[in-house]
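Each in structure tokens, the structures are laid out below.
Next come two complexes, and both contain chain A; in the first it sits with chain B, in the second with chain C.
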Partner chain A sequence: MRRFLSSDEAQALVKRAMGLAAGGGSTEVELDTSWQGNLRWARNIITTAGDISNNRLEIERSIRGASGTAKTNQIDDANLLAAIRRAERLLNLRRELPEEELKHEFIEPYPRPVIWSDATYGLDAEARATGMLQVTQSSVGAGVQSAGYVQVAAHGVATMDEDRVWYYPYTTAQFSITVQDAAASAAGWAGVDGNDWSKLDAAGLTAIALDKCVRSRNPVAIEPGYYTAILEPQAVADFVSLLFTPETLDRESAEAGPPNSPSDSRYFDANLHGSQRLLGPYTRAIGQSKIGERVIDERLTVSSDPMDPELSFPPFHGWQVFHPVTWIKDGVLQELAYARSYAVKMLGKDTGGLPSTGSYRLSGRGEAPSVDEMIATTKRGVLVTRFGGVPRHPLDVAMTLTGYTRGGVWLIENGKITKPVRNFRFTESPMIALNKVEQIGVPKRVFRPKYGDDFPEGYSPVMVPALKIRDFNFSSLAESI
Partner chain B sequence: MTDRRTFLKHGSLAAVGLVGLPRWMRIMEPTSSNGADRVRDLAQRAIEAARDAGATYAEARLTRQISEVFNGSALGGHAEEFGVAVRALYNGYWGFAGSPYWNADDVVDQARSAANQAKVYARGRPHTVDWPPIPVASGSWSTPIRYDPFTIPIEEKTDHAASWEQLAREFHPHTNGAMTGMSFVRRECAVATTEGAYFTQTTYVSGGRFVLLYKPWNAEGNLDNAEADAQGLMHTGAGWELFLDAKIPDQFPALLAQCEAQLQEEKSDPKPGEVGRYTIVCDALTMANILVNTIGVGTQLDRALGYEANTGMTSYLGPDPMTFLGDPIAAPLVTVRADRSMPRGLATVQWDAEGVRPEPFTLVDKGTLVDYQTTREQAAWLAPWYQKRGKTVRSNGCANAESGLFTTMQHFPNLTLEPGPRDIDFDALVAATPRGLAVQHGAGEPNFNGGQMLLRHFGCREIVDGKLGRSVAGIVPLFGSTDFWKHVVALGGPSSAVQYPIFGVDKGEPGQATPFSVRTVPAQVANVAFISGARVGK
Partner chain C sequence: MVKRFVALAAFASANGLAAQTDTIIQPGHIDFSRYDTPSLCVAAVRSQAAVDARTQPDTAAYAPDTDSLPPRAAAVARACGKQFTPAGVAERELLNLTRLALLRGDAAVARSAADRWLAMVRGPAARGRALLALVDAYLTNRPMHRHEAEVLTARLDSLGPLAALSRDEAHGALWLDASLRFDVPRLTEHGVASLALDGHVPDIEKHDLTQGSGNIVYGLIDAEAYRSPATTIERVMQFARQANYKFQGTPEEISGIIGGWISPIGQPVPPLPLPFWFGPHADSSWAIPGKVSLVLVESPENFSYSHDFGLLHRLRARYGDALNITLVCKTKGYVRSSPPLEPAQEADSISNYFRKYLGLPVTVGVEQTPFERLPDGRRVDGPAPTDAQGGRYGFGSVAADREGKGILMYGGADEAMLYAFLDRVIPRSASR
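Here is the complex of A and B:
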């Protein structure tokens, strides 16, 4: 079965597409060609497994600033031609731009991170089966029910026009497992993602999930309220990642505030907030962001770098190159993301933009205690494995979020875990919580494939430490496991 | 003389649009050589290859989806996606392969891959899949529509939206234009199975939004800002006629009145709500969101049994469905039906992805749980229950997939909360409530496994002596599903029913979602707990 297009095949494809475009103007093609192998199991039985390949092409035809785009996943001449004609038809609806507003791409070299793994690409159905049959067997042996998922994928992302072809291949791998006892009254979870399957310890993660399930049996209900919370790295990522999405980090949004006119295209945004634009967590006032201000604990730094060996991601999207950026240093907001048009208009710099991918490393300075050491120094608190049900949109400017604990939650008393407790719903702002940090652990790669492995919309690897946070608001009990 | 704008105003452009334009503008069909014979041939080759590779059952789905999105007169985009999906069964294990390649060599390779995967996994613990026989599906079906939106020139569609916006600007000195959104989807699907089935289906989804913007100057010399959504454009199984029939300009007076009422309401400070239990009156939209996220999600059989434990959560009506079937989970006046035949329903089909011709079924009968949403494989899991009730063990026809790049699994059918016996509406329910709260356009955050739901996005007004009073703020409802449904006191009647589109609830790994419709009525519900909004960030 065909997997994904190589660099040479992608180049040949774009050459054909360029040849089909006629009538002047320019043509730009973005491509994500991919293969994915997956395996899913539940109740200790493999329920589905498969291989999926796809080619997502976005073709843009532009003439004097008016542009039209069409998407297709077909690469034969007839369908390429149809997509090009559609794009041309659509550009006729757009107005042309005066000369001074015409877009000129800023082309700069991009870095070359190592994000390809032969081990990942080589994990075929046979290899997936061998590993996972052992996992399901161990669950059977332990008298528990496990459900889990393995996915390996290879992508080639490319941006191409008449003059150049940028192509970058990358692989992703993920493993996650939930173990429940026979009565479905206790659960344990473990999972991680990465680029290299050989570095994922499926057996170790299975053992963690099993152990968490066993230790979660017979949970007791404790009063909701404000507790010192020790969030394992997965829980931290589930909780704080909304602060570092491309939308939240967008400088123009942070400065613009509400729309100035109904013609502001962002005004018509059919999200849960209705059409009124919200001020963001990095907004000081309309027209002013919080750059230069301390926004979170002064020991915390937030950065992203495609060359970070533990957190690599493809180095470009479109013609936008991803640079190493320190968004927040020692708690102070240093940078917000912007497009090239913003750089030219607002910063007076004829450079590329400063894009964000949603991928980030949250790190602390000073001592980096382990979770066990955090527990040992906690008089009374709650240990959380992960959160579920966290919405993708916050309710208010303070970024208040709600969700519930999952996969194992325990009460800590006098420096020790004393009992499993029933799950909580939490109501807390990550921005406020990151100002109530008591201890910061060592950053670890967590499980972040929630929205898929397509870059940059879904694939946003994250490294975060465990955090001990005081006065965390566990607002009510959640009747779930 | 009737000019173009007058035509638009009265929603009568259909004939003019189709007849008055040259053919090259009328058709924007992708160039494709995928004739019916070739599609059938590819599907047949796939299942034969899977059978030759050892599959005891296989199905091949060839899909093509085209979509257009418009924001007013500025186009959002056009997309086309092809898919070939082959699912193969061997000794109780499934294998799957999906790709965009519609050609003979690729579909054969793909089918072998699916069958070989199933064989590899079948080395695991012995497992059986009960696969009850069904009538062999054959034929073609399409969503009943008047105008395929993809045969309407894009210029006509954007003109239509632009004319509404222009008319809105001219309607009143302070109507500051409008925003129109339009989207169209056509899904074509051909399915062949090793049991001899071959059928094709084409489904359509059309819908959008028209928002009137109202910006009068206030007494302080500042611009006020209000907006109101027009009716008739919710996404539904329809064609271009949805936009022709919406009569948007006729709604301007009512939309303006809504805007004015909205500004009036904003001038009065909301009343701080008190934590406690209330009798509430929910509008149909609130009931739709609650129904989907409680009974709807809860009755997905695979979710109940733990198949979603590693991702979107299991169901509060599990892990052993047999212990819930026959139990009351709602008040006796609550009946919830499911079907894939609802007129204009987004999940409406003639056959599901496994070739089952779905029949309407009841999930909750007068408050009692009597069934779950099932596929062919899953129906057998409830065999003892069906046999006890003297019913045939058969799938409820809920097999579906997001596209030809996803495997088949159980997905939502259309859902209906049956209306109450008296033909009363939201206002009548309010009038019948001496003291309570009215909850409108409510949505929130469910906890499927715990069966709890927290409403965070909603409008709330007090009800005093059967009349709507001031807005109430600072409190939010948090309830358990069964407790909520058991306290339903009254339901709106047939004429208060509204059909809403739901674009899916994520399920499976890799995650997929399929659209469906839910038809609900307003309801009066007693004893609903409201907690402090400060505890949940509101």
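Here is the complex of A and C:
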């Protein structure tokens, strides 16, 4: 049995919804139809396993420029009708804007990346349970406690109106495992995500987590301070991703308004924690971004491309098509994200926008040492597996973040790992840290916890390399394992 | 409290249904028993009035003496408020009982509640705030009780400098009402009083004033210029001396500035040399002999008045051919969400939008905004010719009379002010 709506079923659903609309005007529907299978375990015992099917439907009704939106996940006639009437009631309370009827959409073809995996879609509850039994058994055998989860999902995202149907199916797979020793003094972590479950090496990741846990036993406390830090790819992603979210990459925010209105009081909004944050790492001055300037190490490049075979993502959101973009090339900021309205108004270009999904590939130029090679060239430093507790908003305009190390931290002395150390809290800016890079590894796909269910925010795969960063500020010890 | 919210939700839901089906709500059928204080009823009436204003915007000219509450809000006031008397409510509810009685049209109960409310307040500052609250209740009620508000303001004035902030606010409110009605003697009286009181209000409290002194001074200049251009400077300076108001500049500098503002009055209006014209009187000599001519300048963000395009239809209906309206827009490279456009295409789109799509009875002139591109590709607009003229052709500045000479437009883009001014310069016999 199919567990989410096909393109034909989605079209039929929209036709049905449009047939229920009353009073003329237009109807636009966005749909995320999905199946998700999950399994969680803790203390080596499977605790939950489930399958969820859902249809998240957002219906917008527009009449004479006024519009109203309603959401539902019930697609029978009665509930569809109720949602449409709700949207129509809302639009009745809104001001009519006849000029909005003249709205000019920019419709362009979208690319067709391969982000579907039968292996992922075929990982049913029994297969998930059987696979994880092996994981938990290996933990039992090693005398440690493990906890983690597997999540596989298949989605069909769609945007539809009276004239067009855009539908795209994709799959996702995630695996995460944390291992603790019996004395709860040491922990090891490993995890990854991707589109194809068959390419996720759960057994290999489990072995890594077990190894990290074993090597983390009896950690010693060392003095906090500035150390050369070798961040494994997961730690890099946890630390720098805030620099590449759609909000941070937004060009209008970076330019803090039109360049000819520098007296706009909005520029001086100092509420950095609010959703209206206007100053960011790519703002040069009031009304001016850093496009064309070097912002990070000159060996680093940041890009995103829905057709990237290792990092593909659905090619559109709404009517907005995602394009291949190099945001930063050789350390120089090349582009920031913008909407179609910005392209027309500010740039005089008849194009769609240049949106960001939050997905990015951070890659380096030149030789790409492995983590072991980075360790071998380090006199005194700290190796970090990952970071936890990193906030989604920075502490200040320098993008300073704080958080703590998790899943295994070791002291490096004279080119060798000498001992596990207690976890640190760090206080450091990714913008500054990416200007203190000594060595850059090979980009790898990392684990990305979902922030929400909505695409693009909830699905933003990332590939980053391990980085060796000098003078990384480990500001205090952290009482965690 | 939860029960009250449930009751309110049911009430709102019932109203929403009424708005949908256009069925007249029968507030008598709504259970107001849980609305056990006047303040709750006042909130209910205001909520209903706000819903009515959204679903049926009031587009009538400003007539505060005869304006009434929307019928459904008035019905809620009657049904909800009938249970209260001055003797039967807590002291802290007396102000809201006054408001509720006014909303219900029961002046005697309002007066009685107001007297009790004032009797319980001690000290000039607190008494000043109480009197100001009552002035506000009488002024903002529909219909307005202006006479009572003025009597209360006189009582407020008797409290002296300790109630300066409240007095200033009360005179400011009366000034605004007079301004909206273009009542030159009253706006002068209350404007000068407000300016005089500014000197007694501590600087930090001036931020709390609803009417800034700048607005009031501009209003006085406009009113004097309309009344007698020849004596405007002298009279305004006299008002300033009377109120001990300090301009930011020497008297000579200020006289020069005011003189510049009012200099077009009585002179033939200059042409508008714009590159693109559309409509019946489509050329730069925008003043049509025999008609009052009005130029409305759109902001750089074209169509900013689009939410108010109904105003132009209403002006047409009110004054007919006696009023000639010219709409001046500026190019900015696009129209709404259109692709980028060349200036001529954009001008054509703007004209089509106003004259054909919205069907507005106007002549449209479009000026070409000079611009440059920054190295990062962004467009930066320079000043357009009408900007260089200081917005002199916008709402709130100069229009032309039937001889093509400048007459001062009363300040502000408010529809009420516009009617108040045009009613004076276009005799009713000349309009349709």
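Here is the rule we use: the second predicted complex is superposed on the first by the 450 of 481 C-alpha atoms of A that agree within 3 Å, B and C clash if a C-alpha of one lies under 4 Å from a C-alpha of the other, contacts with A are read in each partner's own complex, and residues count from 1 in each chain.
We take it that a residue touches a chain if its C-beta (ideal position, glycine included) is under 8 Å from a C-beta of that chain, and two chains touch if they have at least 3 such contacts.
Please read all numbers here as calculations on a predicted model, not as lab measurements.
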{"item": "Contacts of A:89 with chain B and chain C, given as first, second, both or neither", "value": "both"}
{"item": "First (chain B), second (chain C), both or neither touched by A:345", "value": "second"}
{"item": "Partner chain in contact with A:368 - chain B first, chain C second, else both or neither", "value": "neither"}
{"item": "Which superposed partner A:292 touches (first chain B, second chain C, both, neither)", "value": "second"}
{"item": "Contacts of A:478 with chain B and chain C, given as first, second, both or neither", "value": "first"}
{"item": "More chain A residues in contact [chain B versus chain C]", "value": "B"}
{"item": "Those residues of chain A which chain B touches in one complex and chain C touches in the other", "value": "89, 93"}
{"item": "Residues of chain C touching chain A in the complex", "value": "16, 19-20, 54-55, 303, 306-307, 332-340, 353, 357-358, 373-381"}
{"item": "Residue ranges of chain B touching chain A (in the complex, touch as defined)", "value": "28, 30-33, 71-75, 77-83, 93-101, 106, 109-110, 112-114, 116-117, 120-121, 123-125, 127, 154-155, 158, 176-177, 179, 181, 209, 211, 213, 227, 302, 305-311, 313-314, 316, 318-319, 405-407, 409, 443, 445-452, 454, 456-457, 478, 480, 508-511, 531, 535-538"}
{"item": "Chain A residues within the chain B interface of the complex", "value": "1-2, 36, 38-40, 42-55, 68-74, 78-79, 81-83, 85-87, 89-90, 93-94, 125-126, 129, 133, 136-137, 140, 145, 147-149, 151, 176-178, 180, 184, 187, 189, 262, 265, 267-268, 270, 272, 275, 388-389, 391, 395-396, 398, 400-404, 406, 423, 425, 427, 429, 452, 473, 475-476, 478-481"}
{"item": "Residue ranges of chain A touching chain C (in the complex, touch as defined)", "value": "89, 92-93, 95, 97-100, 102-106, 255, 258-260, 289, 291-292, 340-341, 344-350"}
